[in-house]
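What follows is a group of structures, each given as structure tokens.
One chain, chain A, links the two complexes that follow: it is found with chain B in the first and with chain C in the second.
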Partner chain A sequence: MADKVKLYDIPEEEFLLPGNRMCSGCGLSLIYRTALKALGPNTIITVPASCLTVLHGMQGFTSVDKISVLNTPFATVAASASGIEAALEAMGKDDKVTCVAFAGDGGTTDIGIQGLSGAAERKTNFIYACYDNEAYMNTGVQRSGSTPYGSITTTTPIYGKTEHKKNMPKILEAHDIPYVATSCAAYPLDIYAKFKRAKEIKGTKYIHILSPCPPGWGFSTKDTIKIGKLAVETGFWPLYEIENGKFLLSNPSKRLLDPAKRKPIELYLSVQKRFKRLSNEQIEEYKRYINQSWEYIKSKNITTQFL
Partner chain B sequence: MWKIIAESKDKRPKLQNYKNWKELTPIPISFPCYGSMGETGDWRVFRPVIDKKKCTKCGFCWMYCPEGVVQKSEDEFFIIDYTYCKGCGICAKECPVKAIEMKRESEFE
Partner chain C sequence: MTSVEEYQIMTGNHAAANACKGARVQVVAAYPITPQSPVVEKISFFIENGELNARMVRVESEQSALTACVAASATGVRVYTATSSHGLLLMYEILCWAAGNRLPIVMNIAMRSVGAPWSVWTDHQDAFTVRDTGWIQMFCEDNQEIYDTNLQAYRIAEDPSVYVPTFVNYDGYILSHTSMLVKLEPQKKIDEFLPPLKHHLNLGDMNIVKGVCPVTTPHIVKREEGTAPGYYEFRYSLQRSIEHSINKVKEVHDLFAEKFGRSYGNGIYKTYRAEDAEMYIFAVGSVASESRLVIDKLREKGIKIGLISLKLFRPFPTKYLRELFKDAKLIVVFDRDIGYGYEGILCYELKSALYQSKNRPFIKGYIVGLGGRDIITSDLIEGVYRAINLGKKNEYSEQTEFIGLKLDELDFLQKEVK
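Now for the complex of A and B:
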């Protein structure tokens, strides 16, 4: 399980150089900056077409320092990482160099899922990190498999999406991989601890990170951290990790097992423009969905000594 | 119109050093540099200003900054690189003692 991290444990060395192409107040920028600090310089990253490609910039100049990055086609991010990992194994550099696939929610839940499932089945030794901004933000907010219920995008009906979000960590858990974790951009210490832990384990590791997106979700750039924290505190996005089948809720989500301690979901929904057309029935449906997902968590064998 | 574009070709800043495809490297490679998008500080409408009297050096602004423009200075206070700060305002919002204030850019100069 991930160790507790204090603020000054995070190294001061920067791998993400300022002056990149990300929007101001981007959650992904914060995730990537923290994750690279945890992974260190001996890392090879594969990136599909996504907001992350925008961050890496046009040909000639990039804003990621000291780390090798390979840009791949959309569906092949996990497959390319498998190839790199096979080459590292053949060269005997398997222990020294970490191989990471960093994809968006479109590249994970919709287009890249076959590559990811195949790599997990082959027990490839790599970290798969998915940053989830809940739509295809790079191309102008189109609906993806990860878009939540009732959210308006440019390709949904006017009353919002009619289906719930695809539960990707649950799918990966069914692959029997050694480490599955969820995190959120509003908790950089949590992200740092989970990447540090994933780096130590051998086998396929999967980390799913919620990344608030100011232009796509419709809120002010200064509220990125506030929205991320609300998503966790209302119970919409539980933070947990599963190591070798052992389930553990992370610190910010521990007390939320009691339904009375969860903040009302309206707080999270009302501050975002993408939920402005939600009806009362849809909000009731949200409450039912959150209760159902927490019932699932309760049914897991949670080690109560930490609670 | 096209004449003007053709004439300005030599005056534009050079992104790549090669002239045609024959001079390309076998693999297209990018190299790290500060400000690959240019000086992103001119996106900013509000400028974060740190009040050193209120600051407790907790480091929240450094941790939460998405760009990494908040850095530690020699006297252990934090300074903001205004060349690249995009002015999102997360540091001012998350500061526990409200030592950072967002001021309009027009107030300066």
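Now for the complex of A and C:
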């Protein structure tokens, strides 16, 4: 499991320099900056079509420093990582260089799921990071498999999405990989600790990070951290790790096993324009959904206690 | 002098696998599809048996197969893949990506028809369909040629003046599953011919960090730090390299011939009884092989006809063909493929190449053998005679002609088509 990290544990060395092409208030900038600090130099990152491609900038000019990057078409990021890893093994460099696939929710839960499942099944030695801004943000906020229930997007413009988001970490858990973790842009220490841990483990590691998106979700650019924290504190986005089958709630989510400790979901939903048309019934459905996902977590906790 | 012992009997697929072993490829990623599968089975055997020190990525689709090859190649190693038909088309996006990244990947296409309806049998539709993706493309006529062309392909693709991925194509079943004598060369001799890859991209070298294939703009970007090319310049440079690669193809072929004693025409096309020919058959792969019999039969009748079997299809050797056909009166093109709504692809490529010639021979194209339909020598001969008559009258038909159709045995279809 990830070690506890304090602020002064995080290296000062920067890999993502100021002045990138992300929107102000972007959750991904925070995630990427922190993740790269944990990964350090000697890292090759492969990136599919996504906001992260935009962050990496135009030909010849980039704000990303000291790591190598290979862009790849939308559906192919996990296969790309498989190729990098195979080449590193052939060169005898797989112990010295970390291979990372960094993709958005569309590239992970939708178009990229086949490649990811294949790479995980083959026990490919790499970290797969999914930053989840819950829609196709780079193309203009279209609905993805990871868009939450009731959310207005440009392809669900009137009624909002009629289904809940796909539980991708659960799908990866079913692949029996050594490490699955969730995190959130509002918790940089958590992100740092989990990437650090993932780097130490051999095999396929999957980290799914919720990434609040001011233009896509409809909130002020100063509120990214606030929204991210509310996602966790309301119990909507539980932070946890599963290492070799052992489930552990991360600190910010630990006390939320007690439903009374969870903030009302209305606090999270009401401050985002994408949820502006939610009916009372839909909010009730959210409460049921959150309770249900915590029942699942409880069942995991109990199992591990007995073990 | 070569003794019989130096030869082995093997299929085209196994000849390809042996070339892979000879080339010491380091990463192979492939997905099974008929009729390509035995290539990858054989390579898997070589790897597990310890005969080939390579990593095999047993991917879950062709799109992933070529992506893994692209990424491994960009990381700095020699890679190989093979596919057919639908597998090739599932790779289409990544074919463009590989060429745009200037990666010296070598791929075999065991050529097969494309559905619907399903057909696992040979034609050249799959290979011709991907001609505009920015790869060098070569065709083979026998199993030795597959082995030899694969070895040449690595040397061509990896040349610093080229850095373009390369297809080596051969007919499904007709070569892929047919056993012939193949001479396998000693490893030492291959190593002398094909030195280890020196890659322009080498992501695995962490001393120099790189960003590969980021976003470009329609225009060049000028900043204090420097000037970055736009998409247009990237693609221009790809086209130039492919155009120039024809010299390298020829040079590598000649070097190979010198070292191993086997040559394939001039490396660009092969000729058969063409020295004094006034008319020609123009074809690739299995159709060219079959046409050799046609030439023999027509020569017996006193017709001065020769065969041009095109080996290098991309870059299209326009200059060579203009020179070759400068006195030709008639060319019959047999296409085992079709540009739907127009005509056979090889036929219109040739017509286009000869448009600027001083001598513009009469060119008659036929479609033959789609989906593995047998190509009968007598049918081809009849086609040549018909072309000769049309040529005399200079009569072009707007309708594409198919040889070997059996409409007369299918009453209902005959009515509908007419």
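Keep in mind that, in the parts below, the second predicted complex is superposed on the first by the 299 of 307 C-alpha atoms of A that agree within 3 Å, B and C clash if a C-alpha of one lies under 4 Å from a C-alpha of the other, contacts with A are read in each partner's own complex, and residues count from 1 in each chain.
One rule holds in what follows: a contact is a pair of C-beta atoms (placed from the backbone, for glycine too) under 8 Å apart; a residue touches a chain by one contact, two chains touch by 3 or more.
Everything numeric here is computed off the predicted structure, so don't read it as measured data.
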| item | value |
| --- | --- |
| First, second, both or neither for A:K287, with chain B first and chain C second | neither |
| First (chain B), second (chain C), both or neither touched by A:K166 | neither |
| Which superposed partner A:T62 touches (first chain B, second chain C, both, neither) | both |
| Partner chain(s) touched by A:L30 [first = chain B, second = chain C, both, neither] | first |
| Touching partner for A:K226 - first (chain B), second (chain C), both, neither | first |
| Chain B versus chain C as contact partner of A:K300, first or second or both or neither | neither |
| Contacts of A:M22 with chain B and chain C, given as first, second, both or neither | first |
| Set of chain A residues, in rising order, touched by both chain B and chain C | 56-62, 64-66 |
| Residues on chain A engaged by chain C in the complex (per definition of touch) | 41-42, 44, 46, 53-54, 56-62, 64-73, 75-76, 78-84, 86-91, 93, 96-97, 114-115, 117-118, 121-122 |
| Complex contacts: residues of chain A adjacent to chain B | 7-8, 10, 12, 14, 16-22, 24-27, 29-30, 33, 56-66, 188-189, 214, 220-226 |
| Chain C residues touching chain A - in the complex, by the definition given at the top | 26-27, 29, 54-55, 57-61, 63-65, 67-77, 79, 93-94, 97, 203-204, 206, 209-217, 221, 223, 225-230 |
| Residue ranges of chain B touching chain A (in the complex, touch as defined) | 15-16, 28, 30-40, 43-44, 58-60, 63-69, 71-72, 81, 83-90, 92-94 |
